[in-house]
Structure formats: structure tokens, C-alpha cells
Amino acid sequence: MLRVLYFASVREAIGTGEEMLDPPPEAATVSALIDWLATLSPAHGAAFADRARLRAAIDGRFVSLHAALGKPAEVALFPPVTGG
Amino acid sequence: MLRVLYFASVREAIGTGEEMLDPPPEAATVSALIDWLATLSPAHGAAFADRARLRAAIDGRFVSLHAALGKPAEVALFPPVTGG
Amino acid sequence: MIRILVQTGPIDLAAELALVEADGAGAVATFTGIVRGDDGVQLLDLEHYPGATEAALRTLAEDATVRWSLLSATVVHRVGTMRPGERIVLVATAAPHRAAALDACAFLIDRLKTDAPFWKRETRGGEARWVEARESDDAAATRWARD
Amino acid sequence: MIRILVQTGPIDLAAELALVEADGAGAVATFTGIVRGDDGVQLLDLEHYPGATEAALRTLAEDATVRWSLLSATVVHRVGTMRPGERIVLVATAAPHRAAALDACAFLIDRLKTDAPFWKRETRGGEARWVEARESDDAAATRWARD
């Protein structure tokens, strides 16, 4: 199982901040994981419609959407950060 | 009468921080004023022996030792400042 | 000493500075960010990525400590709902001499703005809206936790 | 608001910062100088030129306020006898945005070190000695009150 975290506008669009999911083997990159997540519900589809405004972290480390997923405990998806 | 102020090591060498004096007309520059002050006592002479380490202000404004004295209310003589 | 706090409660400036000064420095620099209300903002909500935020702030503080040989580096960041006039962030650096403290303080607040996972939502006229990232900020943000 | 204090008593950081924050800024930067005791200094005496000191500090604060459009600039300088660990100077600047507050704070403490008529005397091992000016400081000091 993979813990998927959503923050800010992504969290609001999906309606929850955290899901425990079991992605298929085809979700081998962050981008492919997002493709799969987008099929889960219309809300997920809407949240991930604009990839240019989507950022990701694997186990707390910022990564590009092209990054290999590996076997992390946690993936976070969110819009660009807007500062402290 | 001219109020002459001394600070820091100059004040200590002379033994007072302030004198009311009546310099002669020849004391037309800061440097010439110092020449005259140096004659007032051995302590004054010692205080003004090293001109390279002497700085001056006329009525609260920093000036070079070559500056014309004019008719100020106050002249201050002191070593280079060493910061706040 | 490195001190990182991410908290929902108010920032106690005096208490934090007393800790910093206790480290025996000759020079302490601080930056305090305060919620501005000048453009009609009534509330500011700050969301963050718990755990990753603290790690990002700690990495920045460690980098600054090494680079400027700091005696201490403190970052206290408030999250949750704030009103104009309230402190949102405090950065404090201590070093033997002033240039190190000042440069490290400026470095920390600059990097913190782009390298830590914070998201702002502003409420104006009763309506809440997420703040859009500026491109310059986002370019810098790709540095976050990468190294 | 420009606030200049030259005083023999301790510097009340919290009270000064409360005044600065009351000016409604988004960004407040501070620098606090603390008497160091690491090289055996037991006492620091700071002598100054009353009147000229305040005027020099006010001129610096006014320059910074104009150059960085500050909302406030505060300089509190202690004079007389101090012990290691005590605050000797506080500079605080407030502006809408962080870069202005930080740059102005660094400018004020740098210029204050050379442009204001202060003289330091240090006591080590019971013996008091005037601090010698560094040439770099003295070159800068000729700017003092000249313009």
C-alpha cells in the first residue's frame, strides 16, 4: 500500500488530504502514478488536469514528475509552493 | 570664547573633556588651532604629538585638520573612532 | 544550536531571542515576517507538509550554520490561520561577527520562501483563495530537498 | 518613524520591537550587537560625542528610510560601562517587504560602526586600554557627517 498525500488546492479538489492506495505495476513513474490516480474519480481527474501546476515529493523529497517511483512509503502531490 | 572638547585617549592625556579658550587670530585652521593648543601645557603637547592619529569636528561635523576654523561655537579633537 | 519550530500558536520573539543570545554571540540578526493587511487580506491560512517542512527548514539551518560558522540558527514558523499584524515567521542567527549573522539571516529567509513546502490561502471580502506561485519562486522551489 | 536612543541603561529589545511592529510592516529586520568576552574582555567602556552621536545616527536612519522606503528605523545604542553578554546596540528596520528591511538593517549597522563618534575602551586583566582604529574603519569614518 502507498500513502498518497495531497496539499493545498489539490487536497481541496480531491476532498481529502491522504489516501492509502494500491497502484498497479504500470505506475512506475510519478507521472504514470498521476495518470492512474486521475481515473479514480471525477474529483481526482479535475485535481490532476493541469500537470504544469503539479509538483511531487517521494518520501518527503521533492522530485520531478518524470522521476521513477520505486517503492516509497509516501508520495505527496501539490501545487507549486507559495512560500512561508 | 571657543568651547574645545576632547574625547577618549585625547581627553585622558589632557585630563579634561572640555575647555573654554580664547585662541589667537593665527589659529585660522584646525591644524593651527592644534599647534596653539599644544603649547598650553606638557599634557596638551603630549596629547597632540601624533597628528596622524588625530581627528576633528567643528560644531559637530567631522572635518579634515586642514579645514578653515571660521567662528565656531565648538571644536572637538579625538582619535579615530572605533565603532559602536 | 539549531532550533526549528513549526507551530500553530503565536511566535514568542522575546523568548526565542533570549535563547539565541544565551549562545554567547557577539552578533545576532533577526528577520520577522508579519501578515500584511494592506491589500484587503482579512485572514491568512498557511498549509504545510508536516515532517517535510521541518526537514527542509533544518537542512537550510544546517547549511547556513556550516557556511557562516554560526553559533546558532533559529527558525520558528507559524502555520494555520493568522490575522494581519501577527508574526508568521522568525529567523534568528548568531555569530561572533555581524556580517556572518546578517548574511546568514538573509539567506535563510530567502531560501525558506521557496525551499520549504508551504502554501498560502488568503481571505479577502470573506472569500478564500490560494495564492498563485510566482514563476521566480517556483523555479527556486525545484531546489527544495533535491540536494 | 525614526527612533534614536543613546543611553547608559540596558536595551529593552522586546519593547523596541513592539514599537517597530506597531508600524504595520510586513517585514522587520534587526541586528543586536552583544559585548563579547571571548578574548578576555572583562569590561567595555564606550565613550561618545553627545549630540553629534545622535545627529550622526539620525542622519544614517534618515538616509536608510529614504533609500529603502522604510516604515520605521530604530537605533538604540548603549554607552558607558558594559559587561560581556550585554547588548551594546540594536538596529531595527521595518518595510513592506523583506529585502528592503534586511538591506537597510545591514547598511545601518555597517555605517554606524564607522560613521558615528564612538570610542571603545576594553578592560582585560584589570587593565583598561583604548581600542585602536583599524585603517579600514578609519577610511570609512571620514564620511562621518561630511555630507
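By written order: A, B, C and D. Residues from 1 in each chain.
Here is the rule we use: contacts are C-beta pairs under 8 Å (C-beta built on N, C-alpha and C of every residue); 3 or more make two chains touch, one makes a residue touch a chain.
All of these numbers come straight from a predicted model, not from anything done at the bench.
In summary, no chain was found to touch both chain B and chain D. Chain geometry summary: the mean Cα position of chain B and that of chain C are 50 Å apart. Chain B has its Cα centroid 75 Å from the Cα centroid of chain A. In terms of their C-alpha centroids, the spacing between chain A and chain C amounts to 26 Å.
Across the assembly, chain A contributes no residue in contact with two or more other chains. Of all residues in chain D, those touching 2 or more other chains are 33, listed in ascending order. Applying the touch definition to all chain combinations yields A-C, B-D, C-D.
Residue ranges on chain D touching chain B, taken from their complex, read 33, 46-49, 51-52, 55, 77, 88-89, 112-114, 116-121, 130-133, 137-138, 141-142, 144-146. Interface residues of chain D facing chain C in the complex, by the touch rule stated above, are 13-14, 17, 21, 24-38, 85, 87, 96, 98, 101-102, 105-106, 109-110. By the touch rule above, chain A contacts chain C in their complex via residues 5, 7-9, 11, 55, 57, 60-64, 76, 78-84.
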